Amino acid sequence: MANKGAAILECEDVTVEFDGFKAVQGMNLQLQKGELRFLIGPNGAGKTTMLDVICGKVRPSAGSVTFGGKVDITRKHEHQIAELGIGRKFQAPSIFKDMTVMENLEIAMRQKRSVMATLFARMNSEDEGRLNGQLSMIGLSSKGSWRAGGLSHGEKQWLEIGMMLMQEPEVLLLDEPVAGMTDKETDKTGELLHEIARARSVVVVEHDMEFVRNFASKVTVMHEGKLLKEGSMEEVQGDDRVAEVYLGRRREEHASRSTA
Amino acid sequence: MELFILQLFNGLSISSILLLVALGLAITFGLMKVINMAHGELIMIGAYATYLTQNLFLDYMPASMFNWYFVLAIPVSFAIAFAIGLVLEMGLIRFLYGRPLDSLLATWGVGLVLQQLARTIFGAPNVAVKSPAWLDGGMQIFGGTLLPYKRLFIIALVIACLVAMYVYIYRSLEGRRMRAVMQNREMAACLGVSTRRVDAMTFAIGSGIAGIAGCALTLLGPIGPSLGTYYIVDAFMVVVLGGVGKLVGTVLGATGIGMFNTLFEYWTNASLGKVLVFVCIVAFLQWKPSGLVAMRTRSLD
Amino acid sequence: MQLTRITGNRLWILGAYLVAAAALFSAPLVFSDFRLNLLAKFLAFAIVALGLDLIWGYTGILSLGHGIFFGLGAYAMAMYLKLEASGGKLPDFMGWSGLKELPLFWMPFENFGAAVALGILIPALLALGLGYFTFRNRIRGVYFTILTQALVIITTTLLVGQQAFTGGTNGVTGYSTLLGYSLASPETKRVLYWVTVAVLIGIFILCRYLTGSRFGKVLRAIRDGENRVRFIGYNPAVYQMVIFTVSAAIAGIAGMLFVLHVGIISPSMLGIVPSIEMVLWVAIGGRGTLIGAALGAILMNWAKSEFSTAYPEGWLFFMGAMFVIAVVFLPKGVAGLFQWRGKDRKKWLPAWARGSGGKLRTGEKEGSVPQG
Amino acid sequence: MRKGLFYQFALLIVAVSMVLAGCGANNEPASSGTNAPQESSASGGSDNGEIKVGILHSQSGTMAISETSVIDAEMMAIEEINAAGGVLGKKIVPVLEDGASDWPTFAEKARKLISEDKVATVFGGWTSASRKAMLPVFEELNGLLWYPVQYEGLEASPNIFYTGATTNQQIVPSVTWLLENRGKKVYLLGSDYVFPRTANLIIKEQLKAEGGELAGEEYTPLGHTDYSTIISKIKAADPDIVYNTLNGDSNVAFFKQLKDAGITAEDMTTLSVSVAEEEIRGIGVDVLAGHLAAWNYYQTTDTPTNAKFVESYKAKYGADRVTADPIEAGYTAVYLWAAAVEKAGSTDVAAVKEAAKELEWDAPSGKVKIDGETQHIYKTVRIGEVQADGQFKELWNSGEAVKPDPFLKGYEWAASIQQ
């Protein structure tokens, strides 16, 4: 479907400073259309900060982020970036908890976002169809009129993914989508992710190697704010430096976990 | 020249009063994120505590001792305001952590009740506090300029309070616990710090300092049920302008407002001066929403 | 089946509203002139409460400066009435203050239409201006609230200080006619009462529409998590600005009606205390429900008028206590009491109001954008 | 949510019926005025052997400081009159209402007293703002108000009797006295509201006419508490006299800080027009001793009626209480009204007004007389000095009661103010 080869997102030489501390230094990242990319690395490697830069939450002190081959988004506000088609899911579920599940999806739905448009917006049958479809996709069909705050942790995560999908972004940024989930929930999230990755470009920050291994896709390893290695899971796992800074430390733990 | 020095001193004096009034808030608002609108009423309580101490000396102590009532009044004001702050924290404020706007409204209600309580106990009219004789008069400098002892005393008192607070927060075990809880509540709790106790103590200390402010204000102004309402908004402006959560910011905020207030008041008149100061604060906060000394964090919230 | 039950309920509610509207319209048949005048004043307050609820209850922004918007609307109407009462001469207080001719900015208020338009526009523009800077600079929560207080101080000090132009602390009073009809006559009063009821109903319907629309849902989303809204692609600053402006305009309208019923406006009505009292009506009635806000305003003022006479001292105790209780234990106000037996009985409190003590702080993180 | 709507409906019905029932119930005259238990179901001002009068002052809020004492004095006068047989053989029944320091509330309560309680007259108000708020109500409903405080003049409503001083009974003579006795250079300091601004407008004209010199003019917001800058300005201007029209709490701050700045009554004369015996207690005698005030009455005023008045006031409310000018004016107002009603033989407003013309009474402040034309009263002007015991020593008085002249028609220099 998508013409592979055209980068939809290109980060060049991105540097982020917090009070002199360089969280990200000269990071490069290229994302192809339709690609599913995992961003891994030990704590404090700058993964989340990278996502923050792309979605506009953090302004880089140097470098550029180009979207769709032409737009530099480092000068844009968060909401403008979101409107361009970059969606972000945060680590902790951040849904609107005093609104119903359906309302959450409704305002996230792709639509004109101006005051005038929302003032006179009418729900047509097409919209309703889309909302209901999304609701069943994230498995919350029976809970459409629940207060979102009343959902379980996993359900909140799915709702948030559902909200992102309603936005119909071209690029999705997911920060640890399976953190804190039960095994069963993790599996279901994995399915969701496969589904999502089919139609769009996705960047996932993840710690759970087991989860990452289920996807045959490119992995980028970050360490101390810099790019350490980029390649397939096998290549990355075979790399000595990666093993040293990251996998080395986790191999033991990981082994015990897979045998459990 | 003489006028210039006098005005400089006046500005300093107003700054010191503002700082004294705002110090307690800097703790309750700056550290605990509780908007205590009853802060002004705690100041009022401190003032009435001074009045009561004075009356006790008048009634039970020899007249020669009278001048020393004020020395006792400072700790008494602190203690009474501290106790009321403690009760307030345990009975109300603890339900309001994490809801700053609600704490604003609820404590406003408390302030209303305290004012009315004062009116019921002491009557609506102002009461008089006779300042001790050793604070009468002033220091002559450069021939003519007279710096009143009372204002000098308040400046000294503020410095003393600041030093005490610094030592308490940064040099004592209790203070370390307090900082730990304010920075990372869960972690502190995990490490065995009783967060409930620290919360209560912190709030009570903030209240106690308001009591000291009330005691000092009896030297210069009226003592009545609505005393607190004159200072509360100014106090908030000092803390917000200075930057929430930083003592240095509060000091700078108070100095800034005090100096500009004196300057504008001298140039124009008292009403316009006040308006100008507030306009400047609003404009400044548009430019630097987190105040003079900002706490930099990676968090957006 | 589900559908019919909902429509059934809707009919009931519609019926209830119609009965309430009819009762309000027919009040002049039952009430003495004095009581009617009181009720009219309360209805004007209910209008402000609706506007305040839009911004506080639905969008989560606490304004302690609505007294200003209310007051500016009131002053606009008062200036018109004063000029009409002065009959071409200089208003009396200008004379005492040494003015020789009418200041330029008073001129437009000679015309009723212009005065009404300005009574809505001035508060709206002031709110827009303040909102433009503060919301764009992402000043919110407590900081916004404290800024509104600063605005109150600025406005009242200016109004009091510029006596020659504003009437000073006395305010503007001593009116005689409105468009030629005597304000003192019972007929005019009755008509003005009906006008107030009609405006209240109109604004209620407007608020109802606003909060029910997708626009309203975005507002509630902003209340729940402003930053999150940004990442779905809405610009919260614009939404906040718009609703703050609408809210201020509504307060201005209420102020104009207030002056017509009460016959005086003075800077004390714009102060911090009345501004907080307005918030109290909404808090006690129930923030986030329109009917709660409106009834809160009416009931609190009615209670104040009745009890303050009998127990002038007890009244303040009562009001302070009500404030504490409503905020701490009834975050949804009295209206919340009637809602809590819905489906999710245990969840009738919003998350931020549930639980107690230190737990809340951690709970709060959820929903807001987490740290990087 | 749907269920929620249903309960909203229930709430609506309950609340609407409560409001309507509440207002409705109070609509019946029998239950109005809940605070006057002894009152019967009289619907008029003078039925069933009783005459209802309204007392409308601030019992709460910032003005309660001053106004509660006036209520005490008015209640005492009513009791005394009742003990002596009442008016027209009927008892006076006071209906108390709280103005709550809020001007619209004054208007609302005035309307209630006249149209619901149907009182014969109202004693009330303190600030100019409260009087201005009530004035249209009294004129609209043809009620009668007795206003007991000195004020800025330039007003004469047919429905108000003014028992406090107007400008020519306090300010104008005191300025003349100061210019003759204390110097020519006058500094005007006042709170930022109507009375000081109007008073100073008059004083400035008077200074021009009587050879005084204006050294400066400053206004501070109500509740201002730091006077250091103002005092610096005063020092720089070096006047002979500070004419002080500050209000309330500001006086405390001003006098305390004036003393700290090393300025005493010997260095500079300060004359206040809003500092009476009650305020002295709140400011402290130590900072006030030696300063001057201008009033029509002091607790120390030597008249036979005053000795009795002070004695019964202290007996009734406590030995530590003091009397002051507005307290005396409130007390006088009640007696003047009662005398006018006796003379008219009715409580009808028009009849009482007619009867009140040129009515005389021996008030605690001396002989007073109602001026039929302006409905103000003739009063003796007195300048006093604060003594160490918190009382005033009279330095000068006008000898005879001065005819009220609210529009200053008798003063040529005031032409520009009269319009």
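Just a few scattered comments:
Lettered A, B, C and D in written order, each chain numbered from 1.
The rule we apply is simple: a residue touches a chain if its C-beta (ideal position, glycine included) is under 8 Å from a C-beta of that chain, and two chains touch if they have at least 3 such contacts.
As the structure is a computational prediction, the values presented were derived from the model and not from experiment.
Set against the Cα centre of subunit D, the chain with the most distant centre is A. Of the two chain pairs considered here, C-D and B-C, the higher C-beta contact count falls to C-D. Between subunit B and subunit C the centroid-to-centroid distance comes to 32 Å (mean Cα coordinates, whole Å). In this assembly, the C-alpha centroid of subunit B lies 35 Å from the C-alpha centroid of subunit D. Separating the CA-averaged centres of subunit A and subunit D is a span of 72 Å. Looking at subunit C, residues 157, 160-161, 227, 313, 316, 368-369, 372 sit in touch with two or more other chains. Listed for subunit A are residues 23, 57, each touching two or more other chains. Touching of two or more other chains is recorded for residues 1, 60, 192, 219, 221 of subunit D.
Those residues of subunit B that touch subunit C in the complex are listed here as 33, 35, 92, 94-102, 104-106, 108-113, 115-117, 119-120, 185-186, 189, 195-196, 199, 233, 236-237, 240, 271-272, 274-275, 278-279, 281-282, 285-286, 289, 297-301.
Residues 210, 213-215, 217-218, 220-221, 223-225, 227-236, 238-239, 242, 344, 347, 350-351, 365-370, 372 of subunit C are the ones that touch subunit A when the two sit in their complex. Chain contact summary for the complex, subunit D toward subunit C: residues 1-13, 15-16, 18-20, 22-24, 26-27, 33-35, 59-60, 96-98, 100-104, 107-109, 111-112, 115-116, 127-129, 132-133, 135-137, 140, 152, 154, 192-194, 197-198, 201, 219, 221-222, 416-417, 419. Against subunit D, in their complex, subunit B makes its touches with residues 3, 6-7, 10, 13-14, 17, 116, 119, 124-131, 136-138, 146, 148-151, 219-224, 226-227, 229-231, 262, 265-266, 269-271, 274. Residue ranges of subunit A in contact with subunit C, taken from their complex: 23, 48-49, 52, 55, 57-58, 77-80, 82-83, 87-88, 90-99, 103-104, 106-108, 113-115, 118-121, 146-147, 149-150, 163, 167.
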